[in-house]
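Note that the chains take the letters A, B, C and D in the order they are written out, and that residue 1 is the start of every chain.
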């Protein structure tokens, strides 16, 4: 079930999602990271970050809100401890990077040049957990493009821009990133949401808003993949948002994704990525697809058979 | 031991006071689990809107029979579903999870303080402590009689037991912590263990410190994954290097050295936490 | 539990949602429409509309997609048959109007002038079911304002603009509508989504995309209410999106809504609006609120009691 | 009669061939329900992710006992949940819904055509037809033997019964419609009723028209609300004025005069439908 994301060929199309698998190690009791298409690591920034105060999560119908605030060790500790672990186990790494400025993105990408096991960079320009909505790069085509351009300038691995669904026109943002050199797109990050605690009469999350993920958002995610693939059929898409099963993954593939990330499902089922992979393989076989690539974007074509 | 994901048949389920005691057949979890560890249970059945697992301390884990037990307080919809599950059905479990209580290097006298269902992990702990030569004194408290769990068993596994209820319906009227000054000051007492609501843990931690006693607590933070990948369950904990970090209570806890936890800062982001300075970037 | 939406005082704060209660009549076996705050009618347009081809719906986790295409009898038949029925039963009507052009909105509003039982106009500028995304008024502050201005010019009842969450900055749209004269805002309409049928390998909906509603979207809806109330605290909000229970309704009120609409929940439970009302009343009493208005927007204030 | 929303205890539930026959105690629905009407059942229990009710034709509705029965084919997660529901639990029902079959003004000979679980509403219909003096001939078909429902009962309530299966495992190999030319041409046959898959209904409708017989069909469209408020369940139906409208099958159906339904246009939007011209506005 090989697939490719731009210049990178993956053994199979099922990856973890950034922020839902840490850097892979904690999943080892439940799955072999080398058996996944790749492990997408939690977005890493230049310096260590504490993340926000708790509560950082709220369960919602068929989903959850999170407001982690990009807690992480910073790029140096990540390079020293996290990436080598993946490389030693033969797992491919898609490293998600984040930054508070174009320069920070570029700096993090720079430090990752030549890192062992690094297959691809996912540029998280869309995390809605950060306080100032005005500063979400993914909501502004220009800012998004600036980040992509700066990262492309320093790295040799393919660069995927990860977009936010919280925009009026996701195709415009996608196009802007691709024009700036993005080799592909990761769709989608979480939706901005709020839950009020009806006992304390205040928002549950310290950050008031958080990112909504899980099956609740799957139709929005499939729609984004559909729209972007329709507009930019040549651009590889890593699809995600609410994938729980192989058939969910197949929806993304049919809508235009070349590979998928399994995120929140891991919290429900730590071996979800390998299960989804097995189910997707079976679903493709049952539908007579000799290979995954035959199914990518097929839902855009007029009824066949 | 390594955590496993298993489908565990419900052997029995019965009300015990305000709680539901659920016995499960889960050999992969029972073997090697230690007191203070917990399991994460999928709730709601297929097509449920409840995506996240619910966590429960292991009350017993018997590698010989392969059985484990949990004590469930009905709280919201997830536990509401769980207390209704019938024998013969299967529960999807992940466990054992988290860092357990550790025994003292040298035997002594241990005081075990438990609030409500927080007593669940204490009985196995008491047995292990006694087997290793320590004396065990238990303080078991709850809001009211039916929210006490395991008083009779406490009398079996501990050398002495004090019971408190907020309403005085059983035992001494008051909080478990009202009993501690006397107990912690007794000669020979060398260590303290506690499990219960955060406010109780904080008070126990304070008292242990004032008596200069080592104290381990099992905390209960809201957890999305239970396995260390999501970073929702953190609290500010002081490391060996003296610096405070936001530490995951599911993998680095739920058992912590009480004096490492920055109790009054739980739910806040103190400025001196490692990486807090990077937060105002955006 | 009286509340007011701009100049209109309602006996209670629970309404139906447009498109989820037709014009009230079909709910009569399950509830008395006069006991609701108001009945919000299905968006009516100038001419009769057939709506789209089927399939028009897909169930999704904790939600559903619909792609009705604004099927309706047109304003004349609505005035002749639907509105009088509500008026005869003593029910207040919030009439939702839609249009393909600014002129059509104004024309429909014009015909409604003086209609019996009409309490308020809800201007549906945000229906995502129409084919051309470019033409969704609610995604463009200028277009949204134009509609509001045109409707305000012809009517004497308060005008609420109903906004779409599928925008980068909902506050900007809200502000634009209010500046154009909107007396209040209805938040939110559905989110755009897609489901692919993994058997036919094509989108389930004939219209490819549809509107996502139900509890799945509740956190997004509460967030929109929160953001708009924070920015425009004086503007009354009719909140909606995934309300199933009185506590759900309370979340909206605490976030800043003066009243709520119960939409998709009616499909699950035809008497949902009256149940939600009873539950909300009990929840307010249990929390010691002498009246609803004490709770509106309270979650924005620092912890009390 | 008016629809009601009730919590109905499950009296019994048993497999019958490929189906689950569920008996419910629902007096408010049983009284006054007529053949062809249906109930909408909430599935998945509390905290389910399945928001929409599932619809099932009433197989029986006995106002004397207050009981109703439905015949459930397991299809997806909703019916998967329903077939597992145990006696004693309660189902949340709304019904009776929709327009029932109507009896002919003058008695004659009726041919009742049923595919799969589509036979469910036919037995009560047959009883009523016979009580009103009509003769009843039933054609009951399915893919295979276990997907036939009620063949024995058909033999009781009808004057003659023909059984077909696609695989020939029981009765005549073939489709119910293969049997119709002979039957519909028989002397005295005055009306046709059908319930089953849309493709079958369409074929039956075509045959009835060619024999110039009135025909009523119960259609099965995807329904979000079942009570007429959502407009998801429409199909193109020709009105008394000769104009086609998108008509709600939950309240104006599920029973339609077969010759009013624009069968080949189901799932499309013919240009001559009332209001179709307004659709290209945007």
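Throughout what follows, a contact is a pair of C-beta atoms (placed from the backbone, for glycine too) under 8 Å apart; a residue touches a chain by one contact, two chains touch by 3 or more.
On a predicted model such as this, the values are computed, not experimentally measured, just so you know.
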Next item on the list: Could you quickly compare C-D and A-D and let me know which has more C-beta contacts?
Entry: C-D
Item checked: Of all other chains, the one whose Cα centre sits farthest from chain C -> B
Margin query: Can you work out the whole-Å distance between the CA centroids of chain A and chain B?
Written below: 34
Check: Can you give the whole-Å distance between the Cα centres of chain A and chain D?
Finding: 46
Next item on the list: Let me have the rounded angstrom distance from the C-alpha centre of chain A over to the C-alpha centre of chain C, please.
Entry: 33
Next item on the list: Name the residues of chain D that each touch 2 or more other chains.
Entry: 49-50
Notebook entry, point to check: Tell me, which residues of chain C touch at least two other chains?
Noted result: 61-63, 214-215
Next item on the list: Assign the assembly's chain-to-chain touch graph to one of these shapes: line, ring, star, complete, other.
Entry: complete
Note to self: Per the contact definition, I'd like the list of chain B residues that touch chain A in the complex.
What the structure shows: 2-5, 42, 49-53, 92, 94, 221-222, 224-235, 245-246, 251, 266-269, 273-279, 281-282
Note to self: Quick check: in the complex, which residue numbers of chain B touch chain D?
What the structure shows: 44-50, 77-78, 80-81
Check: Considering the complex alone, what residue numbers of chain C touch chain A?
Finding: 58, 60-63, 65, 133, 139, 166-169, 191-196, 198, 200-203, 208-210, 212, 214-220, 222-223, 226, 242, 247, 250-251, 254-255, 283, 287, 295, 298-299, 303-304
Checklist line | Residue numbers on chain C that touch chain B, as the complex places them | finding: 61-62, 215
Note to self: Considering only the defined contacts, which chain C positions touch chain D in the complex?
What the structure shows: 19-22, 26-27, 29-30, 42, 45, 47-57, 59, 61-64, 66, 68-69, 71-72, 74, 100, 130-132, 135, 206, 214-215, 264, 266-271
